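Structures incoming, each one as structure tokens.
Here come two complexes built around subunit A, the first alongside subunit B, the second alongside subunit C.
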Partner chain A sequence: MNIQFILNGDDIQMTVDPADRLADLLKRKSLADSVHVNCGLGSCGRCMVICNGRPANACMIPAFQLRNAEIITYEGLVQTPEFLLIEKACAQHGLELCQFCKPSVYLLLAVLLEQHNRPSGDDIRQLLSAVNCRCSASEDIFTVAAAVYHLKEGRFNGHAGK
Partner chain B sequence: MAMRVNEVASPKTLAEAVAFLRRHPQALPCGGCTRLLPDPAFAQKNLSLLSLGWIKELQAINRTDRYIDLGSCVSLNGVLALPNIPALDPLKKALLTIGSASIRNRATLGGNICGRDSFGSAFPALSAMEATVELRSAAGTQWLSIHDLVGQDNLPAIPAGSFLDRVRVPLRDWEHNCIVRKGPGLLPGDTNITLTIVANIEKDAISEIHIVLTGRQLVRNRALEMRLTGKKLPLPAKESENCHHDFLESAVEAGLPAGQAIAVADSVRAFLVDLSGGAS
Partner chain C sequence: MDKRGRSAETGLPILSNFRAADLLYVVTLRSPVARGRIKSIHIPHLPRGYRSITADDIPGEPYLEVFGARLPVLASNQVAYQGEPIALLVGPDPARLREALELTHITVEAEVPDFNFNQFNSERIAARDSRQYGDVELAFSIAQQVVEGDYRAAPLYHAAQEAQGAAAWFDYDKLMVRTGCQWPHLVHRQLAAVLKVKDVEVVVEAADPGTHLDSRLWYPALVACHAALAAVLCGRPALLVLSPEEDFLYTTLRSPVFCSYRAALDKNGNFSALDARVIINTGAYGVLADELSRQAISAVAGAYAVPNLRVQTFAVRSNLPAMGPLAGMAIPQVLFAMERLANDCARQCELDPVRFRAANLLKRGVDGPQGKRKKNIPFSQLCEAVCQASDFYRKHASFELVRKRHSDPGSNPGRGIGLALSWQPPAGLSAPANVYSAAVEVELTKELKIIIRAGLVPGTGGTVAIWKALAAEIIGQSPDTVRIEPVTTADLPDSGPSTLSAGITLIPQLIESACHTIRSRRFREALPIKVKKSLRNRPREAVGPGDGCAWGVAAVELDLDRYTGQPVIQGIWLAINAGHILDEGKARRSLAASTALALSQVLSERIQFENGQVGANAWQQYRLARFMEIPPIHISFCGNEPGSPAAGLGDLPFSLVAPALTNALSQARDTAWLADFAGDIPHGGDR
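On to the complex of A and B.
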């Protein structure tokens, strides 16, 4: 079947088997090296993408549901101002993530930044639980998540970089 | 192992979905596909899929004074995001036990309820809350108690050639409720069991209590519920022990492994002890 979707702002058209998963498509066609195909059950979170504005496991998205979807991967996030905020918060708190966890955690933090209301601690923990990160303590990531949101508020209040 | 898909229909209206199902009665309706993709049972089958995610009516949420209607393709996070509705507490607690936030963005309420080989974690909560469901087929629509989706053998039994339209949850507060989920939590139904208990107290007596356990089968001991209803609190220790024993028997009879059966019976007893504490 032919599908059409948007990947990091680019229109993508391809012929796929309906049972293909987005994670496999991205790897096979070398469209996103940051997406790691690991458990295939949606439990490790290393294939995280943002699908229509929400975090989703690429291994849980069948090709036939991709039609007209908007997908953002870590490669797309790197080009945005949010990425710089997240990098800054990580640097300020000394958080260094491994190459497997970093793309997924950054995407989750980017989703957090998009929220209009200040997320509660529980909201942040719930969201971050989507990545089974073994390279860093979850509390450290939580601290950065809270810091990222503060940085964003600072930016809107004109205090960015101060 | 990848599944094999012969044909996929992605209708945009209910009428198109029904027409496809009439032509392909064995087609498998699906929402977010989070149960379908990891399930090895589907890997070797040639499937015809009816993807319902594009139908707007199935994503609608409507509320009246007495109930709330949740479309079958509302995502689990969509239900969790509903503003504070105390009556939905047991359901929300159950949904929070399912997967991670990213899975719950894609998983749908209908998909959780309509498991073919085991019950999802939302089922016991909806069962305890006395929800009803609307099924749609070529013959039209019909409202059923959620218990009508349980077959004679206590296994899920969704009628072939039909799909879940919406779930109606009565807006009735349950002052006391608890959800206990046990199992590895990876594959749906893979020895996961979920216990839901909801209860109300009036004048220091249990006015109503529902205890539902699901896994591969549904366990509900209505005789036990009836015996507890009207009982003055605090319950005597012997009564809690008897309930523990009765529920353990029901769980073992339903084929639950002894360890899991004891664990859920312990949870029932702990709930009753808490209930006694709350009333005193």
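On to the complex of A and C.
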């Protein structure tokens, strides 16, 4: 089966097996080292990508659903201004993420930045709980998520980077 | 991350991102039965560029020698657990390898497996230990009350951030092996023996083991040997990464433990004797049997004064996969039993659990299993902090009233609050005996850079940050000028396994001492200055709760859901005394994370067993608690005074949460749920 999709702004065409999932494709072709297949069951959240604007676990995206989809991975995110904003919030709060979770957490924070309505604390916890952090960073992730949203509001009010 | 895929924080690469030209993949052919004799292996014809590897292909020693056990690198005759590696298939396309795996046929003459470890014959005993003092029989004959209890701690899986695996490749005349392990030098020794090469011909490089909780203590040596055999026999780089399901089913689980206790109490409700039998299921081959047995005996009486004691421990082999230590070397399992017993005794004496514990505590100047105590256990200070914060006395008393009034648990949504007291030994003491020797080298270069070399895998970015800050502060430079050398066995000293809190307690001590030496020599000697410090291991006895331990008290409050009977946690309170805390924020976060993990282990990570072994769908049913589900965790610190020695504290929740929760559950007393929860080992959870 041939499919075509956009990965971090690049057109990708490939022949895939119908049983393949996006995580398999990205790993097999070394297209995104940031995607870690940890559980393969959609529960750990360490293979997070943004698929058509929504966060999704790459191990739970069947290859056939990729037709004409737009996928952003951490490698794509680092090219954007949102990435700098997130980096800044993490540094300010001393958030130390492990290298397995960092890409997924950053992508979720980027999704948060895209939201138009102010998210509640519960919304933030719900969203960020998609990554099953097992270390001491877990509580800090929520603090940083709230800070990221504030930084975004600051940016709209012309205070970003100050 | 740098060009070699190493993390900027820990200097460690991620194994599954390993890339190399002409890379070969390795898959494992496993035993279909738990016990039997291999009759034949039929591997389909493999295309050019593919090959199989069996025990006959191993150039050196066909066994691993780890922690007192010998296990086959590849089983050749007898299999001792389902999923035991029998052969490897190697080739360039993982999909074709998987197809070949499905077409492979192994015939094994099955024998009746032994899963049960409550009953065993002497052949299955891998280690035993005992201790006795006083006159136990006499104490029981005059006891006011006798309390008996069987307590079980179930096997547990630890879902680290990456499945186990290894990569192997050649760098000129050296074989390089990368694996996510806690102890690269142990892997190195096994590789040299199995491949029959000189030590200098193999270099082991640690990959990031993630939050390992001791699950990477020895198993990486096995997968490293598999990847290295493939690389050596095929002359090309090779990568073996287990599937998440393989990791769950066939690598090390926490040893299940069965404790049978009998306590004699005098008229004041004090322990007059304890008679205990502890059985540890080590799985196949009895890895760590001596160590688990030794540590279990040290914890058997908890923190309590027992004038007459008789205890026997048995580490028993079974046909489950070889087990591992998982956060605490059997100490949490045994402390769990003792804290459950303390609760049952308090109830039988109609004393509140705080008073019962306080009255029975080991005291200063009293002889305990580890000699005379120099200090009192800070129980009252810790207990007061927890009881005040949780309103323990009031809640416990009112839930007791409710419990006594409603004898039919079905008619009443139970409520309970439970308490537990526990300790964490200093890092060096909880590491395996006779193997530990921490060493660190610090160098101040001509360019005024500080380089730290420690053979110990730092674990987290937080640990690295502590090492850097410490060195920078003493030598008087910025932390940016400090570099941690990546952990390889090539020229770094063996610092032993990075178990428990060694990275937070022992290594900083050595860094501190090396940096002070550099500071004193700095303006008297030419740069570079290199200083090496080490801490030699000395043979140890089982020590029990010594004076250098960190102490903790926890309370857990819960309700039973009216419809499902499942416990709903209302709150967790912890008070900790770990001496001087280097960074209170980090310590608090570390404790909160361990508490969340411990809670997830008790409540949701139950492993489904079928016919004595892990069930076919257990991996699909295995579930980690989401962060959303974790209730508020309240932590307070006591005794955090500069000058008092720092003790590791991150593992305390693993021996506090389970007993406190189960004590709360026994008060909430929905018997239907309890029976299901406990089940028969290894079918259920902690009881």
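Criterion: the second predicted complex is superposed on the first by the 160 of 162 C-alpha atoms of A that agree within 3 Å, B and C clash if a C-alpha of one lies under 4 Å from a C-alpha of the other, contacts with A are read in each partner's own complex, and residues count from 1 in each chain.
FYI, contacts are C-beta pairs under 8 Å (C-beta built on N, C-alpha and C of every residue); 3 or more make two chains touch, one makes a residue touch a chain.
None of these values were measured; they are calculated from a predicted model.
Of the two partner chains placed by the overlay, only subunit C lies in contact with A:Gln99; subunit B stays clear of it. Once chain A of one complex is fitted onto chain A of the other, the partner contacts of A:Met48 are limited to subunit B, with no touch recorded for subunit C. In the superposed pair of complexes, A:Cys133 makes contact with subunit C only, with no contact to subunit B.
Of the two partner chains, subunit B is the only one touched by A:Arg21; subunit C is not. In the superposition on chain A, contact of A:Ile61 is made with subunit B only, not with subunit C. After overlaying the two complexes on the shared chain, residue contacts for A:Val37 are found with subunit C alone; subunit B is out of touch.
For the contact definition in use here, the residues of subunit A common to its subunit B contact set and its subunit C contact set are 17, 40-41, 43, 126, 129. Residue ranges on subunit A touching subunit B, taken from their complex, read 1, 17-21, 40-43, 45, 48, 51, 54-57, 59-62, 64-65, 67, 126-127, 129-130. Residues 1, 5, 7, 9-10, 14, 16-17, 19, 95, 159-163, 208, 210-211, 243-245, 460-462, 465, 585-586, 589-590, 592-593, 596-597, 619-620, 623-624, 626-628 of subunit C touch subunit A in their complex.
Of all the residues in subunit A, the ones that touch subunit C in their complex are 17, 27, 30, 33, 36-41, 43-44, 46, 94, 96-101, 125-126, 128-129, 132-140.
Across the interface of their complex, subunit A is touched by residues 2-5, 8, 10, 32-34, 36-38, 49, 51, 53, 77, 96, 99-103, 105-106, 185-187 of subunit B.
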